[in-house]
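These are the structures, in structure tokens.
After this come two complexes, each holding chain A, first together with chain B and then together with chain C.
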Partner chain A sequence: MDDIKKIARELFTSGKVNAVLGYVSINGQRTKPFLATKPEETDNFIINKYILNNLTVYLTKKEILKYGKIGIFAKGCDVKAIVALLQESQIKREEVYIVGINCNGVCADFDMEFSGETIALKCLNCEVRTPKLYDELIGTTEEMPKADDGKLKMIRKIEALSSAEKWDIFEEQFDKCIKCYACRQACPLCYCERCISDKSVPRWIESSASKRGNFSWNIIRAFHLAGRCIGCNECERACPMEIPLSLLNRKMAMVAQEEFKYVSGLDPNTPTLIGSYDLKDDEDFIE
Partner chain B sequence: MENKTFEPKIIAFVCNWCTYTGADLAGTSRMKYEPNVRLIKLPCTGRIDPVMILKAFEKGADGVLVSGCHPGDCHYNAGNFHARRRWIMFHKLLDFVGIDENRLHFSWVSASEGKKFVDVINGFVNKVKAKGPFEKYEKINKEFVING
Partner chain C sequence: MDEKIITKENLKAMCSELLKNNVDVISPLENGYLKLKSGDELTLDSKAKHTKASFKEYVFPKTEPIIFYKKSQSDVELLDVKMEDKQTVIFGAKPCDVRSIGILRKVFNWDYKDEFFNVRTNNTITIGMMCQFCDDFCFCTSVGLSPVSSEGSDIFLIPLDENNFALRVITPKGEEFIKPFGKYLMDGIKGKSEAAEKNVKFPEKVFDSEKVKEWITNNFENEYWNTIGKMCLGCAQCAFVCPVCHCFDIVDEDYNYTEGRRMKNWDGCQFDMFTLHASGHNPRDIQSKRYRQRISHKFKYYPDKFNEILCTGCGRCSRGCPVSMDIKEIVTGIGELANKV
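Then we have the complex of A and B:
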């Protein structure tokens, strides 16, 4: 994709944006997010199989917002995050210029050779290889058979266990947490200026990386993303302790779909799941 | 000492307008209910942040009850509808990570349902009694004290 530099440059010269969020390469195939504020800064822009970061996380940051209109290179999954942010009125559509990337999957990690085996799990049954929302589109999608990422099976397996067994699984997983909050920082939808985990009066979530604090944190994080998570999996990729956060996120997305036929990040005009209600919502579990 | 019956600690988050008033009615009508329950009055079920439910477990609750106005009766018109949707998501999440569904109970009790309030409390207390103490959470609570 040679024209990417040209496209990025044109965004500036045509006056469409004041800054562009894209990827530049670093140490060979590895890429990192980059904010170009001048046309010449886009010269190193790159699109390859290693554009792992979800750049939409920056769209809600004050440091970025001050530039006004922003151009952003976004894969289909990243665009879902933009849609979710639009749904939640966190960004204005006219303030974001989306260069959609037709995506054939990205690599699971930076230091791997890309192949059918090292493709990121989230790409295996991707529904949005062509972004749902964009101002211009680059690249082409290739035929790609859908494959099972095994998560659904794992979730069903856990669901079939007893409460005590489920507890033991998650106690062990959450115990690994070191409370670095990388999951929160990497998440495009964790945009609260002040997170509940930072509130100290009262201290709702213990700040120490104790079992109790870890349990509360991971449950509340998953709950705050329930019906919102768009499944970009950045939290899990950011987690240094390899906690399977996507299991919780995926489970909540499944509940949203089963209970409310709701999928986050597809239509900017539908109300959010938790922000709305239906008179006919299930209440079989309420006495 | 071993045979001493287990008396569970139950925290009940109730709304000011319906369930709390229902509890009042139970009291003024001299109806008796299990003394294991500690009521926490909030303006509306919509105000019950799920983090409060976790906090209750952290502080040693064996079961948590959440109760408010019947759908359509909310003092703020829609608070309980919002709450209901939140609970659907939250109780499924808790169930998934291993908090037994029998330790978390939801109900609608109106201001005139003193009798139902008594039944809900008694029923839930018996359910939690049957489950026994919430040992799993107690364990991580204890570890917190040692480490913290």
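Then we have the complex of A and C:
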């Protein structure tokens, strides 16, 4: 891998950016997101199999925005989130300098050896190992371990169930929710300044982590991400209660692709699926 | 009562007996602190990693009704919540978890006695167990605890080998509890449990909590808070998995136009809504101010008010943080700053 520290430092010295979002190592293999605001703060920057976070989430945060132009190290999936933010007019292209990372997959979690068994499921069938948008590109793509797409199998299994059975699965999983909103906060596309779940006049979603409150929250979040989620899977990784949120989000993305030939986050100039209208849109579903 | 010895099989039998008597038995299993369905589920693995969340949920639920109401045109009728009078046994919890009840009891009985918390904890027996797990996130020794501290336990277990545990009765409540189970107990062997305790790896003490408190007192506006706080995403994972974070919000939920319930829900100081005033003003308007609050509450305000550190050093918040913020590292950083002064 290229000399990350040198690349990061040069972003400052060349005057391209005022701050750089990257990964720094902690406790051996682990990494964490870090915002360098001075060239010397990039000394601990690292790229390895454990750069799990999608740093795009910071691009819409007030405390980060105040630095002005931001450089960001981004894997292909992270770049999809940047593109989705551009599609939704949440950031300006000229305000972000993207260091795209040619990616050979990341680990599902820290403290694991990288292999076909521990590769993050989002990396299987990845079509953006070379990011779709970048200002400079680092690294090379190499062969990736093959693995079983267990999540897709689960989606297919759930699809085959009756509505009542699906309901039972939702209920069982959402019961675990503690309403910590780690899913929302870790999501690069959950950027609303005031989330619908925090609105109290009127109260759309009960704030209690009760059956009803949990059901409303998780289903509404899935709907709000339908046709938008880029599949970085940060919500599921952030969930302390291990709710398999990717099943819902991925199913929604599959529907968007199958029914509307739409994939979120591939091209900044493509109008969004939910936010655009065409006279030729299919209306057969209106009865 | 003198120290006794009990086999794992007999601990399981004890659990089964409790379950038969309609007692809720909660124990740390692979997927968290769960209600046991049978005594056989008991793993009592002192080498196991901490569960993702503590057992807080069982004494202070994530959501609970505190009153029900019925409205008519001229009146509101209030109906009390009937608490179930049921005994709960927390079985085999780590010292950093059992300690939490004593810390929480202070805040829940300070200006107002929280009957929900009190009824539940009074009905709860805590059986702690020596901890033989220690990773980079553990720091119990820095907050006055240790893998062998029995503080907060009614009964304390010390694993002697695969199948045998030393059993120490710590409180009169524990003494009362263990009486019917005398048949499962054998006499202790002198020196065995002490030897087991000596073999335990203690996490290194990484900061002096008194110095940390003093530094926080004098450094409300220090740049350090900005440095660490800006990467926080503002979720409440840390607070909700924490054994001692206890903030809650009270909201009314109408079922329909005439009936509803008042709920007490977990809340977290990292949410931007937490201190948002009705006027629109927010005294903690940015994440680093909210993060400063989290650390200050744990290591300064709570110790000032209740003479207890609001942290047991379990490290859960760090293990689960989506952006890998590490409270041990952060407070150690404060300790280092304090030493420079």
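Convention: the second predicted complex is superposed on the first by the 275 of 287 C-alpha atoms of A that agree within 3 Å, B and C clash if a C-alpha of one lies under 4 Å from a C-alpha of the other, contacts with A are read in each partner's own complex, and residues count from 1 in each chain.
Just so we're on the same page, contacts are C-beta pairs under 8 Å (C-beta built on N, C-alpha and C of every residue); 3 or more make two chains touch, one makes a residue touch a chain.
Keep in mind it's a predicted model, so treat the numbers as computed, not measured.
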For this session: Report for A:Y181: first if it touches chain B alone, second if chain C alone, otherwise both or neither.
Result: second
Problem set entry | Which superposed partner A:F285 touches (first chain B, second chain C, both, neither) | first
Exercise. Does chain B (first) or chain C (second) touch A:A164, or do both, or does neither?
Worked result: first
Problem set entry | chain B versus chain C as contact partner of A:Y277, first or second or both or neither | first
Exercise. Which of the two partners, first being chain B and second being chain C, lies in contact with A:S210: first, second, both, or neither?
Worked result: both
For this session: Tell me which partner A:I219 touches in the superposition: chain B (first), chain C (second), both or neither.
Result: first
For this session: Have a look at where A:M241 lands relative to chain B and chain C in the superposition and call it first, second, both or neither.
Result: second
Exercise. Counting only touches as set out at the top, which of chain B and chain C does A:P39 meet: first, second, both, neither?
Worked result: neither
Exercise. Which partner does A:P268 contact after superposing on A: first (chain B), second (chain C), both, neither?
Worked result: neither
Exercise. So which bits of chain A does chain B touch that chain C touches too?
Worked result: 206, 208, 210, 213
For this session: Could you please specify the touching residues of chain C with respect to chain A in the complex?
Result: 31, 52-53, 62-63, 136, 230-231, 233-237, 239-241, 249, 251, 253, 263, 265-266, 268, 271, 273, 286-288, 320, 322-326, 329
Exercise. Can you name the residues of chain A that touch chain C in the complex?
Worked result: 26-27, 30-35, 53, 57-58, 61-64, 110, 178-182, 184-186, 198, 200, 203, 206-210, 213, 234, 237-238, 240-242
Problem set entry | chain B residues touching chain A - in the complex, by the definition given at the top | 50-51, 54-55, 58, 71, 78, 81-82, 84-101, 105-108, 120, 123, 136, 139-141, 143-144, 147-148
Seminar exercise, completed: chain A residues touching chain B in their complex are 158-159, 163-171, 196, 204-206, 208, 210-213, 215-216, 219-220, 222-223, 226-227, 248, 251-252, 255-256, 259-260, 273-274, 276-279, 281-283, 285-287
